[in-house]
Structure formats: structure tokens, C-alpha cells
């Protein structure tokens, strides 16, 4: 596994052309224009390393895993479990057994809402924030309605930061059993002060889950340094495959939690009367897992680690600064949110042009952005908007693409006014 | 989409060499021997059509689906939803909206246990059989323990068929709300009389779920002809990708059932107070789905349909007959089960040689079979065994491979006796 | 100007942009006979319709729309097209408009088009190749159907 | 005989096959001082151990095993190796046996091997490359640990 911490100045200079050459899709044309893909926050494109790892697994070394006594099965099991080690390293988790593979971040959060939720008692509360993705809101609403758990919503400031004073106040009565907050907003780009959030939560006797779906892509993640209790992310935003996500949780929590799905591989013994559960993490992985996708996730993590998070973070910070500056010059354009720390995501609106129209007209020029509520409707309501346009940047984004975006936005606005 | 019903004599002759050439893994060597892969019932190998479809999606046409207003997202959404049409055709489902994508069969059954289970009342019962895979047992045990639903177990005969008289008796008191039974046993090979099972269940006021994980691979499936209410299968056994499975259910049931996982894409509107659900099938597909794997499943279905189930069924019937005959000549070998109808799965034991030793020694000769309880512990107990060895056959299996298996088993037995 | 730009311009016909910016039939009626509303929860777009009937005829029709250019222009051009029609005719135009937005595959559609002219609404035809935007144009028609669900044709 | 066949034969050493078929130390003791049991729920394998102690020494040891050849032979050869050892020595052999089954990477392992000879148990070394079978050979040692969990070394 590549080291995460290479810090030479050379390492933090990212050769964007060399990187782009590894993403075949970036050579595609859309409406006869070169694809300008500024929608990585929805799902990132995949480098050859990931595509090849999946194809080669299926071509050369594949069988169902666990308990197979033949070579193909043993090798596939080793490779699958090897990715668990990689993920543990990637998150700096204390132990590989704390890594549970899920379909995506959504399933990871649902798993916690179900299985850790079963340990909460009526009268206890779960505290989320106003800027959560539906994935970190709806499962808690379902838990509330099922189990009589109170759901509290910590407000954000007008700039789009978590309101830390209000957050503390929500914890004051000691009823909050779990704080579940995004580590980076997919709408505002806000990177939340996770270790501070954890400290405050722990002081109030609450555990803390971070939705790292956006965050893990942009900087090195260290669940021990954050003092997190649960952490989730999703493969497809990390240049990895669809169909694979990760839940990390402290061992003691996983051990206490009842299983989520029942079936093969998650049991120790089964009789018609009664079943006993396998050890963690297998207790939470029922049925044939996403074997090939797990290999692809491993390849993505190795690939990203090779590029290095210092380089990635520096590249994205430069892009984001450039975007904020260039977009500010577009007449009628308003950036949504002004958080203290921001990842490579910029939401905006334009006077007299609806975000949907922006998106469609950009698309006619080969530029892919997202427009809508970004699965964060309550946040939209808080912002007094029904939709925004959102450009998001990845490891392969070029400064020039942001210029094309800004120039095209000026033309679109001209067209409408 | 290829037609499923081509029935010319030529079509039912399968050109095994031409088919094998499409599976790159079959050219691999294991312990210096050509791979003889007789473990398809655990997971099948993948043809180039599937591998290429996934790789090409990631290379040329990928973005997150649903609500993306740009070309890549619109095209990917169309392709994803196109696979729903394919699956509906594959199962002869009355409507595409009845197809829910899941990770695998296990998740599909858990979804039903959770969401349909929520509609059952304490005192009602779920009826399964003695030959169920853990995937179709443990979720019902969990429902039983959670919701006070009775779990009944219909016995099998010594030959390994469902005991139809006993089955009827279990339904007599009208308390059974759901019958959940495998359409083909992964241990005994038994193909269950599904339409008869459904008829009896319906007459007693029960709905019926078939676990089609093994069955869909071997013959054409028609959920309307079976008069099923729920049907599940899993992509990786159908020469498709891991990470993708299918639940089919009647529209009225899906509409009544509460959602399973919460998150993006499964909602209609979300406020902090309350969410409303999207229409079926989206209500049951939370978060970013296994997009690339869904494309791979589509490719697998098209590929299998092109080969044609007449040809597949004829090929596998011939292989199975040959295997039963050849294995019968191995000294000390006992075939487990003698069902009326059998798919391409044969379990056996050998006097004086434990199934694990059989598997390891076969593996040393490049032959991959499975040994153990096959995720069907209670069935093992019913059979008075702790494990069996199991050879299973697929579209690419050659008669000669079965001969190699039988000859090697003779040598193994000699080695031990 | 290459074909893709041509198509873009076709999609956002001058007429659409103008009507979105300066609708001619926006507003409310003092005493509407029927009302309808269409909402798209996925993007927050919303159209409200007030309709005054004279017997079976649409005497006046006004819309209040918050949405994208496609949605706003569709509402305004719909109001323009339907004023003076009978309820039955209006529903025929609605059917015809829906058909316009899907690929013109069946000859039945072509036939119908001889019966019910769409007029200016034809500008929305390029939406066919923008599936994700079709519901923007359909929203006012959802409101129309709701309004007429209380009227026997 | 190519290398893979050689390896196969190495894995199933004649000794393993013989002891699996005709164990020399199978059975029960009339009055065991300690007992232990190992079960592998994944395959139904099971070993029961009866041990008679004389002070800190293992005076007699018998096993009853239902399992594969690897498991049965491991139980029988373990019993043979441990008879006459002290409890402490037996647990050292156990450690050494576990180390044998993983890649011989650390020098600590090599060092230890000078102290505690495994004797015939060395025949299980090829299991290293058969991870899925390692627990078959470990099962009797699980039973041993359980038996000794009641004895202070």
C-alpha cells in the first residue's frame, strides 16, 4: 500500500495531464464538445487502475469467497480481506475488524440507524444538522417514527457553518445518544470541524457519526485523530466502483450492535430454532458481498494514496479559489454559502436564470454540473432556495475547465436577460 | 433484447467450446493444472460480454443517475432504467415498476422480511422449508423474534423433495401469511414444484415468495405462469456481476409495503418533520445504486438469453445425468438426495473421506468444488450430515470435466483407504 | 454554428425565453370557476391555474408559476392556446402536447395532430431529447388536469 | 510427479492419512482431571479431550474427534506429542504449532523452535498455503486451551 504521508514539494504538485490520461471517459465528447465534467461530487469518474482491477478480477481470479476450499476461492478471499486492511489503513482505523463493507454510504448509515438505533431507548435523541444529505436524515426520521427516538436538528449559520453554540445547547440536557453530522456538505462545500464536534458530543455523553461521503475524497481521513465513533463513506465518489461503501465503527460498538441483514456468512451456527452471529465484521455482511467492487475499491484507495492527499488537497484548494474568483465576475451570479473551510464544491444561483436552465444550457456546451436540491431539501428550505446549480471539482479538473464554465455562464445569462 | 423462446433444434445445441472461449478465466491454470470449475452454484464465472459492458460503462458513459440534467447522467439513467425493462422481460413480470434492484438475493429477502413483514400481524406465520439456504431462513427468524410472527418449517422427504402433504397441513389453519420457499435447492439440486406450491398457498390465503437464486440460472423463469407474489435472484450466479440482485413483487404489494432503507432517491419530499416516499420501485432503492453492476446484469441477461434457455437446460440436463451416472461408479460415493426434478447441482459424500479433504485434494488437481454445509445447516442436520461435497455445473461445463472429477475421486479414495 | 448549438437554440427558442421573462398570461382571477396546482417536489417548481368558464368554454385562464424557463413558458403558452376552447378540446390539446414530448413513433399521434393543432406549443418539441426536462413542461398540464378533474367534460 | 502433486502428497502426508484412519490415542479416560472441547460450527467438526494430570504433568491424554483427516490426525499427533509434558510445556508446544501454521516470518519463531521441538507435528507445515484448512488442524488445540483454562500453569 502506498504511503499517505509523502510530503515532498514535488509530491504536492499534481500533474493533471498525466492524471487525466488515466481516465478514459475524459476523452469523450458531449454534443460535439469535449466533456467538461464538473459533477464529481455526485459521482466521480474512474481511472484505469480501478476499471482494470475489476475486469482482471473477473478475467483471472474470481470465485465466491469465504469457506471455499479451492484455490480460486482462497485467493479471492485473501484479496477481498486484503482490501479490508487497505481501508483500515486509509481511515487509520485501529483494527481491520472494524471495517464493514456496505453498498454505499446510505446503507452504512441505515445500518447504524437500525443496529445502533436498537440500543437507544425511547426518550433519547439523535442530533443531526441542517445541512445533512437525505442519507443522513431520512434513516433517523424512520428510527424516530419506529422507536420513539427524538430527532434534533442543529442549525447552521448564514455562511453555511455549523452553529457551534446552538449545537452545544442541543446537547446540554444529556439526552442525545448520537450526533450524526456530515464531515463535508455536498451543497455548501463546508468542511465541518469534526474533532471539535466529537469533543463536544463526547463531553455530553453522546457518540458521534460522521458522514464522510464527500470528505474522504478531498483530504486524508484519520478516524482516531477525529475521535469519531462511526464513519461512513461511499466508493463511487472516491474514484472507485458503484455498489461498494464502508462503515467504520469502534469495535465495542459493532460487538454490541445486533445484526442488520440476515443470511449466509453472517452467522456462526444456525438451527431452525435459533441462530448465533459470526464475529465482527462478518456479522454485518450477509450474503455474497460485492466482491469485484471491493477489489475496485482497493484499487481506488491505492491509486488515490499514490497520488497523495497533499497533492490532491492543494490542487483542489487552488481550483476552488480560482472558481470562487472567476464565478464572482459572472453578472447576476451568487455563490451559496461562505464556509470557513471548503472542499471542492461550489453551489450558486443566477438572477433570472433557473438552475435547471443553467444546467441544460451548460450541458449543450459539454459542461456537466448538477442542478436541484442535491438530496438536501431541508437545507434548501433553510437557504430560502428551491434549487441551486453546483459545480464540483476532482483530481482531474483543470483550471481551464473552470474558465470555460465561467465564460459560458456569462453567455447563458446574456441569452436570458 | 434477444428473444427467450427461440426453439429450433439448432438453438438447443450448445457449442460449449465457443461459449468457453468467452470466459477468459477458464484459460487459467490452478496448481499447474487446467482449471476445472465446478463451483458455479456458489458463484458463476463472467463472460466477456459482462466484463466489457462494465468496463465500457466506466470508460465511456458514466455519471450518477436520476435527476442529473447533463448528457452523461441522462444517458446513464436511460441505460440503468433500460436494464429494469430487461429484467422485467427476463422474469415475464407484468410491469417494469415491479423490479427492485438490491445487492443480492439475501438483501432482496431481507427487504421482504422487513417491509412485507411489517404488514404481518402477531399470530400470523411464515412458512419455509427444511431445505432453505440461510438467506431464506435467518431473515424470517429475525422477523419472528422482532415481531412475534410464528416460523413454520415444512419437511422434505428422504429423497429431498418438499413433502407436499405436510406442506398442505401446515397451511390448514389459515394463519400463514407468507410461504417462502426455494425454487431450487443449492444442496440437493431439487427444483421445487413452484406453481403447485403457489396454488396451495393461495388457496389457504397465503402469499408466496420464491428464492430463485439457483433456479433462474437453469431455466426460463415466468413469475406470472408460476403465479408467484415475490421472486428474488442474484446477479453473480447468472454469469453477472457481484453487488447486484433483484426483487420482483406484485405492484400492489410493493405499493403497500413501507420502505426499507432511507436516503436519497427513495423520497418524494423531505422536511425535517416528515418525508414522503417516491413511487415504486424507487421507494425501495435508497442512495446511489450499483449503477455499473446493473449494466453488467443487463449484459448477462442479454447474453444468457442469446444462448437461450432451451439450449442451457438441455446442456445442463445432459451434464447432470452424466455426472449422476459417473459418480455412481466411484467406490464409497453416495449421492445426497434423489429429487424428482434436479438442476445442475450434485451433492455427495464418500465413505472414509471427509468432504473437506475431498475438496482440498480435488483442488490440488485443479478441480474446484465446494464442501461444507453450503449455508444450509438445518438441512444438513435433517440429512444427518455435517457437510457434503458439491459439484455444480454451468453453461461452460464440459462432459470431460465431469470425467476428470470422477477419475480423481477414485484416486482420492484409494489414497485414503 | 454547429448542430449542437443549433439544437440548443431550438430548445430555448426565443419565444420560450421571452415568455419566461415576461409572461403575458400570468396572474390570478378574481372569481375563478376552477383552480389547479402542479408541483414538482424534486425541484420545487410550482404552477397555479385560475380558470373562468363560460358554459363549457374557457373564458379566461391565468397562471402563477415559479420555475424554470421551460415550465414558465409552457404555462404561459398553454394559457394562450387554451383560452376560448371547450374543456374537451383543452384536454385534447393536453393529450397532443404529451404526445409531442415523446418520440413521434405511432401514426396515431400524427393523425391526431391534424385534428388538434398545438400552435406555438410546438416550440417544446426539442424537449424530446431531454427526458429529464420533460416534466418541467408538463407541470402546467398537471395543474390543468387537476382543475378539470372537478368538471364533467 | 510434478511439484503440485508433490505438494499434495506433502499436505496429506502418509502419517496424516494413517492417523486419521487409525488413531492411536482416540477414546475417553475413566477419570479425567480436565476436559476440553473444540467445535467448528462452519463444518461440524468436533474434538473432545480427556486429560489425566499427575501434578503438573500430563499423565494421559485421549481425544474423540469427528472431522476431516487434518483435524483427526492433528488431534492424535497432539496427544502423542504432549503425553508426559508439563502443562507449561504443552502450552509452549501449542504456541509453536500455531506459529508453524503461519508464514515463518519472524525470527522469534525460529528461535523458539530451538526450544520446543514439534516432532511429528511438523507434517502440518504445508497447511500454511491452505489458509482455509488451518482451523481444521487448530481445533484440537482449541480444546486443549479450554481444558487448561481451569489449570494454573
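All chains are identified by letter, namely A, B, C and D, in their written order; residue positions are counted from 1 within each chain.
One rule holds for everything that comes next: contacts are C-beta pairs under 8 Å (C-beta built on N, C-alpha and C of every residue); 3 or more make two chains touch, one makes a residue touch a chain.
Heads up on the chains, UniProt names are C, D = Iron-sulfur cluster assembly scaffold protein.
From a predicted model like this one, the values you see are computed outputs, not experimental measurements.
Between the chain pairs A-D and B-D, more C-beta pairs are in contact across B-D.
Taking the mean of the C-alpha atoms as each chain's centre, chain A and chain D sit 47 Å apart. Averaging C-alpha coordinates per chain places the centre of chain B 39 Å away from that of chain D.
Averaged Cα coordinates give chain A a centre that lies 31 Å from the centre of chain B. The geometric centre of chain C is 81 Å away from that of chain D, both derived from CA atoms.
The set of chain B residues that touch two or more partner chains comprises 31, 67-69, 73, 269, 356, 360, 371-372. Annotation for chain C: residues touching 2 or more other chains are 42, 130, 133. Taken as a graph of touching chains, this assembly has some other topology, since it is neither a line, a ring, a star nor fully connected.
Contact annotation for chain pairs lists A-B, A-C, A-D, B-C, B-D, with touch applied as defined. Residues 67-69, 73-74, 77-78, 268-269, 276 of chain A touch chain D in their complex. Only residues 24-25, 28, 30-31, 35, 37, 39, 42-43, 45-46, 50-51, 54-55, 58-64, 67-73, 103-107, 109-110, 113, 133-135, 137-139, 141-142, 151, 153, 234, 236, 241-244, 259, 261-267, 269-272, 274-275, 286-293, 356, 359-360, 362-363, 367-372, 375, 377-378, 381 of chain B touch chain A when the two sit together in their complex.
Across the complex, chain D meets chain A through its residues 41-42, 130-133.
Residues of chain A touching chain C in their complex: 31-33, 352-357, 360-361, 364-365, 371-373, 380, 386-387, 415-417.
For chain D in complex with chain B, the touching residues are 2-5, 7-8, 11-12, 17, 20-21, 42-45, 66-70, 130, 133, 136.
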